[in-house]
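Shared between the two complexes below is chain A, which pairs with chain B and chain C, respectively.
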Partner chain A sequence: MIDYDAIVIGGGINGIAAASMLSSKGKSVVIIEQQSELGGMAAHKREGPTAAHLLWNLNPKVIKDLGLGSISFDDLTSVDTICVCESGNHIRVKNSGAFYLDGRVVDTDGSFRKLTNRLSRYGVLLKKLAENAPFGTDDKLNSTQDILRLLRFGLSLKLLGKSQMRKFLQDILMNVSDFLLDDLPDGPLAGLLSADATRGQFSGPRNPGTVFNLVYRYGHGCELTRPTKGMENFFELLVNAIKKLNVDVKTHVRAEKIVIEEDAVKGVELADGTTVFSNTVLCSSGLNSMKKMVGISYLDIEDSRSIKNLRTMGTTAKVNLKLSKLPIFENIKGPINDCRFIVAPSVDYVDNAFNSCKYGHFSQTPVSESVFTFRQSEFWLSSIIQFVPSKLEGGWNEAAREHLKQVLVHSLSAFIPSLNELIVDFEVITPNDFAEDLGVEGGNWHHSEMSLDQIFNLRPTPRFSAYRAGPKGLYLCGSSSHPGGDIMGLSGRNAAIRVLRNTK
Partner chain B sequence: MEAKKSFDAIVVGAGHNGLVAGAYLARAGMEVLIVEKNDWIGGAAVSRSLNEGWTYSNCSYVCSLFRREIARDLELPKYGLQIIPYEGGASFTRDGNYLAYYSDHYALRREISRFSARDADAYQRYATAVMRQCRFIRPFLLRNAPDPTSVRPRDLSEMAFLIKRGYELGTKELQDTMRFWTMSIGDFLDEHFENDLLKAHLAGSGIIGTGLGVYSPGTAYVLLHHYMGDIDGGIGAWGFARGGMGAISEALENSFKHHNGRLQKGSGIDQFIIKNGKVKGVALENGDEFYAPLVISNMDVKRTFLNHVKTEALPEDFKKAVKRFKIRGSSAKLNISLKGFPKFPSAPQNASFLRGDMHCTESLLELEKAYDQWKAGEWSANPYVDMLIPSQIDPTMAPKGDHMMTVFVQYAPYELKVGNSRSAEHWTAERCKALSESVLDQISIACPNIRSHIEHMEVRSPLEIEKEVGLTEGNIFQGELTFDQLFFNRPIPGYSDYSSPVKGLYICGSSTHPGGGVMGAPGANAARTILQTQSKNMHMTGYAS
Partner chain C sequence: MSITTDPKIGLIDGPFQRQLEALSQSRSWYNWAGYAAPSTLDCIEFEYFALRNQASLFDISPLFKYRVKGSEANKMLNRLVTRDVNKIKVGRVAYAIWCNQDGMLIDDGTLFHLGNCDWRLCCQEPMLDWLLEAAWGFNIEIIDESATVAGLSIQGPTSYSILSIAGFTLDNIKPFDFYQDRNGVLISRTGFTGDLGYEIFFPHEKASDLWDLIWNSGSDLGLRAIGYDAVNIARIEAGFMTAGIDFMPVQSTEYLHRGQTPFELNIGKLVDFKKGHFNGRRALLDLKDKPRSCLLRFDVGGFKPADSALIYHKKKYEVGHISSGIWSPTVKKSIALAHIKTQYRNSPALFAEIYTLKEGQWIKRMEKMVENKSPFYAPPRAKQTPPFKR
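Up next, the complex of A and B:
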C-alpha cells in the first residue's frame, strides 16, 4: 500500500526544495512538519521576527523549481553593511566599496575590493560543486559521469590561469585571519569578513579552513538581500508555491518513527498514531533525530558511531529587542532596514569572542549582526550573536538570558546610545531553544559544523555523502548533507535529484 | 686547496638538511662546499657542552623521522651514528597519579584499562587508523610534491603517483584519509576516547612546534608528522642519538668529507651573488667570496630570499608570497644538568616509562587554554612540556650518577606581549628566568624537588633559538605545518620543487616539502631534483633516489 511516492520529513527550506523538485517531476509528495508552519529554522519565531533575517545564498535553481521564477529584483532589496566603529564614524559597505559615513573612502588602495572580487571568483567555482552531488557518490568513483564532472571542474580550475589557480589552491585551505591580514589592516573591514566567515560556526578566525566558509558565504557574488516585504512574507510565498505544486502538507504533527520492513523503508509513523506509507522517505532533520526515527538496529555500527561523532555544537543566539520607536541616525542615508549592523571591530576581537565559547561562556564583548525590522506597527531590532555556546556553563537559566541581552545592548550602545531606554520588550532565543523547538541538534544552523572535515564528500559522514542512509529508500535532504546550510535549498534539491535517478 | 674559490655547488648552512643535500651531491661526484655561520655544525641537530661534563641536545632532542634510506645511502652507521630507542612515556597528574605509555601492547592495554576499559578497546581502533595514515604518507616523503598547475612530465608523473595511491585506497579509505588530514587532533581523540588524561597524553604530538591549538583543524596531520618515523623498522618508535643529536650531524659531516666535500665554518652568508637572474656564488660576512653555478640554501625561505637576496633579483609576486609564508615561534626549550636522579614520587621505583617522554598536562582544555595565552602574546601559565632524561639510556650525556634533562616547552610566543607592545625584544634575561620558573612549576607536578637537583640550566627563548640557530622566530619546522603550507603549497605554490626564480638557487631546508623534524628528506629531495635537472652525467643513486 502506498499513499505517496515520497515523504519529506521536515518542512524547512531544504524540505521544501526537495518536495518541489520531486513534485515538479510528477511525483506525489507529502511534507511532514512538527511546527505549525513551514519554513523550519529560518522561519522560526516566537514573539519577534524570524530567526533568519537576511537571505544569503538562495539558489536561483531552487526558486525556479518552486515555480517562483517570478521572484525578481523588485521582491528582493539589496542590503548594505554598516560596520560599527567606536569612533562613531561607522563604515558602510556597499557592493564591495567601503565608505565612512562622512563620505571618505576607507579602502583607499582598493585592497578590500580586490579581496572581495577574489572571493566571488572562488565562489563561482564552489557553486559548481554545490549544485551537484559530491564526486564519487555513484557508489563507485569511476562512473563516467563523475569522471566527466571531475574533469570539467579541473578544467575550470585550469581556466583560472596558472597563478590564480595556485592562489586558489592555497587560499581555500587557509585560516581567515591570515588570509585577511595579508592584504588588509586589522580593523572593521577585516573584522566584518572574519565575522561573516565564522557566523554559525564553532570555529574562530584563526582556525585553518575558515576561508572556505567565507567563500561559501560569499558564494553568489557577495550579494546580500532581504525580501522587500519581510521574511514572513517570503516564507508565505514559498508555502503558497508548494501548495500550488500539489504537495500535501501536514503541519503540527511529529514524525515519530520511520517504518522499516526487511531493511526497506515502508512509511512514516506520526505522533497522532497514523501512518503514511511510501517507499521513499527524505529526511531533512539532523542525523541524530534521523537515528532516533530509524532506530539504531537498522544502522551499521560504523554509521551510528559517525553520527555520534558529528560535531553539531550550536553557537548562535538570537536576541530580539522590541523598541518603542526607531532611533534616529543622522548620517545614515536611506531606509534603516536596508542595512545590517555588524559589531566586529577587528579580527582579534572576533577571535577573542570565540575563545570564551570554547570554555562554555559567551563573550562580554560579543560579535553580532543586527537588523531593524518593522512588523505591523512594531519596531524590532533583531540580532544574531555569534559564539554563544549551547553548552553554557551553569545552563541557560533566566539570569543567563538576561545577561546575554545586557551584554548585547551594551555593545550596541556604541551606535545607539539611547538603546536601553527604547527597549519595551525582548526575547532571547538560545541555541538550546532552537534545538528544543525544532529538533536541530545543538541548535546548529547548518545541522553540523561546516569545517573541511565535514564538507563535500565527507558531509555529513563519509558513508552518507550520497544523500543515502541506512535502509533502502531512506534519503537525507537536510543541510547536514552537501553542500550545507544557509537558506539555499541545494541540499534538498540535490537529494531529490538523487531520488529521481534511483527511482527511474 | 685553501685557495680554491670555485665549486660545482655551494650549500649555505650546515643543518642536517644542508649536510644531507651536500653529501648526496658530493657522493654523485660534485665538488661541494658547505658554509656555516656558527663555529659548529648541525643547525638544530647539535650536541653542545655548555656545562662541563654534561652534553645537551640543546635544540632537537629525539630522533625517529630521519629517513632510513638516507642513513643507508650515506652510510651513517659507519660514521658513528647509533640510535637507541627509548621505551614509552607518561603523563603525571596533580593528584599524584600517572598514565604510563608502553610500547608493549598488553602492558599499554592494562594501563589504559586502569582509567577506562572502553578506551583500552578504542585504542586498538585509534592505533590502526593512525598507522594506516602513516603507511599512506610515508612513500611521499622522499618524492617531490607535484605542482598541480603544471604539465611538465615530472609533475604529471608525480600527480599520477598521487592519484594512483589515492585510488588504491578505495572510496572509503580515501574519505577517511581526507577526513583525517583536515581534522583537529582534539576532535580525532574525542571520537575515540573518553578519558581526559589519555587524550592529553596523545594530543601533544599534534601541536608540538606549531602555532595551532589542539582543536585547530589540521593538527591531526601534525600528529602524523611525529608518528611516521621509524627506528629499525619499528614505525612510530622514537630514540636518542648516542652522544646527542649532534651525532647525526657529525656522521653526516664525516660522510660528506669522505666524498671530498669541504666545510667552511665561522662565517655566515651576507649575500647570494646573482647576475642576470643566475646565481654565481656567495659572499660571506667576513668578506670571502666563493663561486658556483649551483647554490643550495638550507635556511628557511624567508631568511633566504628576504635577507640574503637583493630584492631586484626576484619577481614581485614571489616576494609577496615569501613574505606571506607563515613561520610562527611557539616553543621554548630548557636543558638541565641534574645532580643525581630526581624522585618522581608517583612512579614506581625504576619504572621503565621514566626513560621515555614525560608530560604534566591533564586535559585537552588545559592545552587549548595554553594555546589561547600564546595567541594573546603570553607564554602559557601551564605549558605543555615534553621532558626526557636521555642520560639514563645514553651515559655519554652526563657524568656518572648525574643526569641530563631536556624539556621542550609549548607555548612561548616569539613576540612577547608586555603592556601594550608585542616584540621579540621583550625576551630579556629576567623574562627567560620567569618562563623557566613557570616550566619548573609545571614539571614539579611530576617531580616536586626538581629545583634542588639543578646544577646548570640553559633557557632558550624563541628569540634566542632564532639568533643562534637561524630558525626564523625559533620555529622548529621552518614554517607552520598548516595545510595551506604543505605538499605542493610548501613553501610557495609553484616552487615546491626546491627551485626559485633565481636560476641555480635552490632551497633544501625544512620549509620545503615534506617539512620539519630531523628527517633529512628535504635535503635528499633537493639533491635529487638538482641532479636530475642540472647535471647530465651525474645521477643520484641509492635508496633515496
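Up next, the complex of A and C:
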C-alpha cells in the first residue's frame, strides 16, 4: 500500500525545496512538520521576529522549482551593512564599497573592494559545486555526466589563470584572520568579514577553513536582501507555492518512527498514531533525529560512530528586543530597516568573543548582527549573537538570559545610547531553545558544523554523502548534507534529484 | 619527574607464569597479546601426541574476553555478529563472526550465553574499541575481562576423566554446552583442536589453585602442559582458520581490499540474512555471489609441509596460495588450508609449489592438491556424550 511517492520529514527550507523538486517532476509528495507552520529554523519564532531576519543565498534554482520565478527585485530589498564602532566612526558597507556615515570613503586604496571581488569570484566556483551532489559518491564517478561536470569545474579553475588559481587553492583552506589581515588593516571591515565567516559556527576567525565559509556566504556577490514585505510574508509565499504544486502538508504532527520492513522503508509513523505509507522517505532533520526515527539497529556500526562523532555544537542565540519607538539616527540616510548593524570592530574582537565560547561562557563583548523590523505596528530589534554556547556553564536559567540581553544592549549602546529606555519587552532564544523547539541537535543552524572535515563528500559523513542512509528508500535532505547551511535549499534539491535518478 | 608509571617493556607474565616457567625445558616463548606464551615447553612431538592420545593443558588466558550485559544485549549483539544470537540458548556457546560495513571479516570468536541478557565474547583480536562503538545507543555495558579472567584449555581423550577426578560433573555437557559452578568456574566443551576437550574460565586469583587441582588430577592420565606449536598442528587437522594467518582481520589491514568476506572464507553458513539487519548485511547481500577467492582444505601430495606455497593451475597459472600447511602426524598426510581464485576452485589440476632447503640445496616440488570437503581429522569422541571414561 502506498499513499505517496515520497514523504518529506521536516518542512524547513530544504524540505520545501525537496518536495517542490519532486512534485514538479510529477511525484506525489507529503511534508510532515512538527511545528504549526512551515519554514523550519529560518521561520522559527516565539513572540518576536523570525530566526532568520535576512535572506542569504536563496538559490534561484530552488525559487524556480517552486514556481516562484516571479520573485523580482521589487519583492526583495537590498540591505546595507553598518559596522558599529565604539569611536563613533561607524562604517556603511554598500555594494562592497565602504563609507563613513558622512560619506567619506574608508577604503581609499580599494583593498576592501578587491578582497570582496575575489570572494565573489570564488563564490561562483563553489556555487557550481554546491548545486550538485558531491563528486564521486555512490556513482563512483562512472556516469559520464559526473565526469563532464568534474571536467567543467576543472576548466573553470584553469580559466582563473595561473596566479589566480594558485591563489584560490591557497586561500580556500585558510583561516579568515590570516586571509583578511594580509590585505586589510585590522578594523571594522576585517571584523565584519570575520564575523560573517564564523556566524553559526563553533570556530573563531583563526580556525582553518573559515575562508571557505566566507566564500560560501558571499556566493551571491556579497549582496544580501530582505523580503520587502517581511520575512513572514516570504514564508507565506513559499507555503502557497508548495500548495500550488499539489504538495500535501501535515503540520503540527511529529514523525515518530520510520517504518522499515526487510531493510526497505515502508512509511512513517506519526505521533498521532497514524501511518503514512511510501517507499521513499526524505529526512531533513539532523542525523541524530534520523537515527532515533530509524532505530539504531538499522544503521551500521561505522555509521552510528560517524553520527556520534559529528560536531553539532550550537553557538548562535537570538535576542529580540521590543521597542516603544524607533531610535532616530540623524546620519543614516534611507529607511533604518534596510540596514543590518554588525558589532565586530576587529578580528581580534571576534576571536576574543569566540574564546569565551570554548570554555562554556558567552563573551561580555559579543559579536552580533541586528536588524530593525516592524510587524503589526510593533518595533523589534532582532539580534543574532554569535558564540553563545549551548552548553553554558551553570545552564540556561532566567538570570543567564537576562544577562545575555544586558550584554547585548551594552554593546549596542555605543551606537544607540537610548536603547535601554526604549525596550518594553524582550525574548532570548538560546541554542537549546532551537534544539527543543525544532529537534535540531545542539541548536546548530546547519545541523552540523560546516568545517573542512564535514563538507563535500564528508558531509554529513563520508558514507551518507550521496544523500542516502541505511535502509533502501531512506534519503537525507537536510542541511547536514552537502552543500549545507544557510537558507539555500540546495541540500533538499540535490537530494530530490538523487531520488528521481534512483527511482527512474 | 614524570607522574605516570612507565609501561612495562617486553612480554608480561600471565597468571600461570610460575607453573609454565618451571615446566619449560625449551625456553621458547612468543608474544601472544603481550603475554609471554610458550611455543613449546618441551618438544613439539611429545606435546602433540599428548594432545591426541592423552591430555594436554594449554594456557588460553591471553585471549581477549569481553562481557556484554544489559537489557539490550541480544539486540546489540545481533547487530554486531552475522548469526542470529536469539537462537543461542542460555548455557550454550556459539562460534560467531563479525564484519565491518563493507562485509569484510573483522574477527571470529566464541559467544557464551551466560544468562538472560548476559554474554561473554572471546576472541583473538583486541575488540574493546569496536564493541564500545557497537554498544553506543544500546542499554548495555561492556566490561573488558581480558586481564581478570584466566583460561585453561584441556584437550585430548583423557580430558573428561581428568576433570571428573578433579571433581567436575560434566556427564551431560554436550559439545558447545557449558557448566558453571558456584565458585565462578566455567567449563565449556569447546576447543581449538577438533578433539574431545574443555575450556575452563575462572578469575585470575583462582589460577594457581585450579592449575594445581587439574595438574594433580591428571598425573595418572598422561596430562602434559603444551605450547602453541602443538595446538597449531591440531587446529589445522581440524580445519580451523586463524586470524592473521588464514584470514586478515580487516581492521588490521593497511592496504585497500585486503579484507575478506565470510563467503570467501567458506563460513558463509554463519551469515543469517533472515534475522534482520546486522553490520555489513547490505554489502554482503551484494558480495554473496561474487567471492574473489575461496578458503578450502586440501590434501597435498608428498611429505613436505606446504606452508606458504603458491598454487598453480596446470603447473602454469598462479591461482592461489597456502596459508596453513603441515605434515599431519595423525592422518599421515601433508594437509593445507589454501586460498584459491574462485574460477579455479574446482580445477582438477592444482599444484603446490613447495621449496625445501637442505644443506645448502634448494629443491622445488610441484605436488598435486586434492580438495578435502571434511575436516582432516574428526574423532568420534569429540562428539560423544557422555565421553568415554579412561
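Basically, the second predicted complex is superposed on the first by the 499 of 504 C-alpha atoms of A that agree within 3 Å, B and C clash if a C-alpha of one lies under 4 Å from a C-alpha of the other, contacts with A are read in each partner's own complex, and residues count from 1 in each chain.
By definition in this document, a residue touches a chain if its C-beta (ideal position, glycine included) is under 8 Å from a C-beta of that chain, and two chains touch if they have at least 3 such contacts.
Everything numeric in this text was worked out from a predicted model, so none of it was measured.
A.B. asks: Return first, second, both or neither, reflecting whether A:R463 touches chain B, chain C, both chains, or no partner chain.
C.D. replies: A:R463: touches chain B and chain C.
A.B. asks: Return first, second, both or neither, reflecting whether A:K333 touches chain B, chain C, both chains, or no partner chain.
C.D. replies: After superposition on chain A, A:K333 lies in contact with neither partner.
A.B. asks: Just chain B (first), just chain C (second), both, or neither: which does A:I301 touch?
C.D. replies: Touch status of A:I301: second partner only.
A.B. asks: Tell me the contact category for A:D263 with respect to chain B and chain C: first, second, both or neither.
C.D. replies: It touches chain C, and chain B stays clear.
A.B. asks: Is A:K61 touching anything from chain B or chain C once the two structures are fitted on A? First, second, both or neither.
C.D. replies: A:K61 sits against neither chain B nor chain C.
A.B. asks: According to the stated criteria, A:N207 is in contact with first (chain B), second (chain C), both, or neither; which is it?
C.D. replies: first
A.B. asks: Between chain B and chain C, which makes contact with more of the residues in chain A?
C.D. replies: Residues of chain A touched, chain B against chain C: more for B.
A.B. asks: Figure out whether A:K291 sits in contact with chain B (first) or chain C (second), or with both, or with neither.
C.D. replies: second
A.B. asks: Show me the chain A residues, by the header's touch rule, that chain B contacts in one structure and chain C contacts in the other.
C.D. replies: 463
A.B. asks: Give every residue of chain A touching chain C within the complex, in rising order.
C.D. replies: 263, 291, 296-298, 300-305, 308, 463, 471
A.B. asks: Under the touch definition given earlier, write down the residues of chain B that touch chain A in their complex.
C.D. replies: Spelled out, the residues of chain B in touch with chain A are 147-150, 167, 171-172, 174-176, 178-180, 182-183, 187, 190-191, 212, 215-218, 317, 324, 326, 365, 368-369, 372, 375, 482-484, 488-489, 493-494.
A.B. asks: In the complex formed with chain B, which residues of chain A make contact?
C.D. replies: Answer in residue numbers: 136, 140-141, 158, 162-163, 165-167, 169-171, 173-175, 178, 182, 203, 206-209, 309, 311, 351, 355, 358-359, 451-453, 457-458, 462-463, 465.
A.B. asks: Taking the complex as given, what residues does chain C use to touch chain A?
C.D. replies: Its residues touching chain A are 75, 78-80, 100-101, 130, 133-134, 136-138, 276-277, 279-282.
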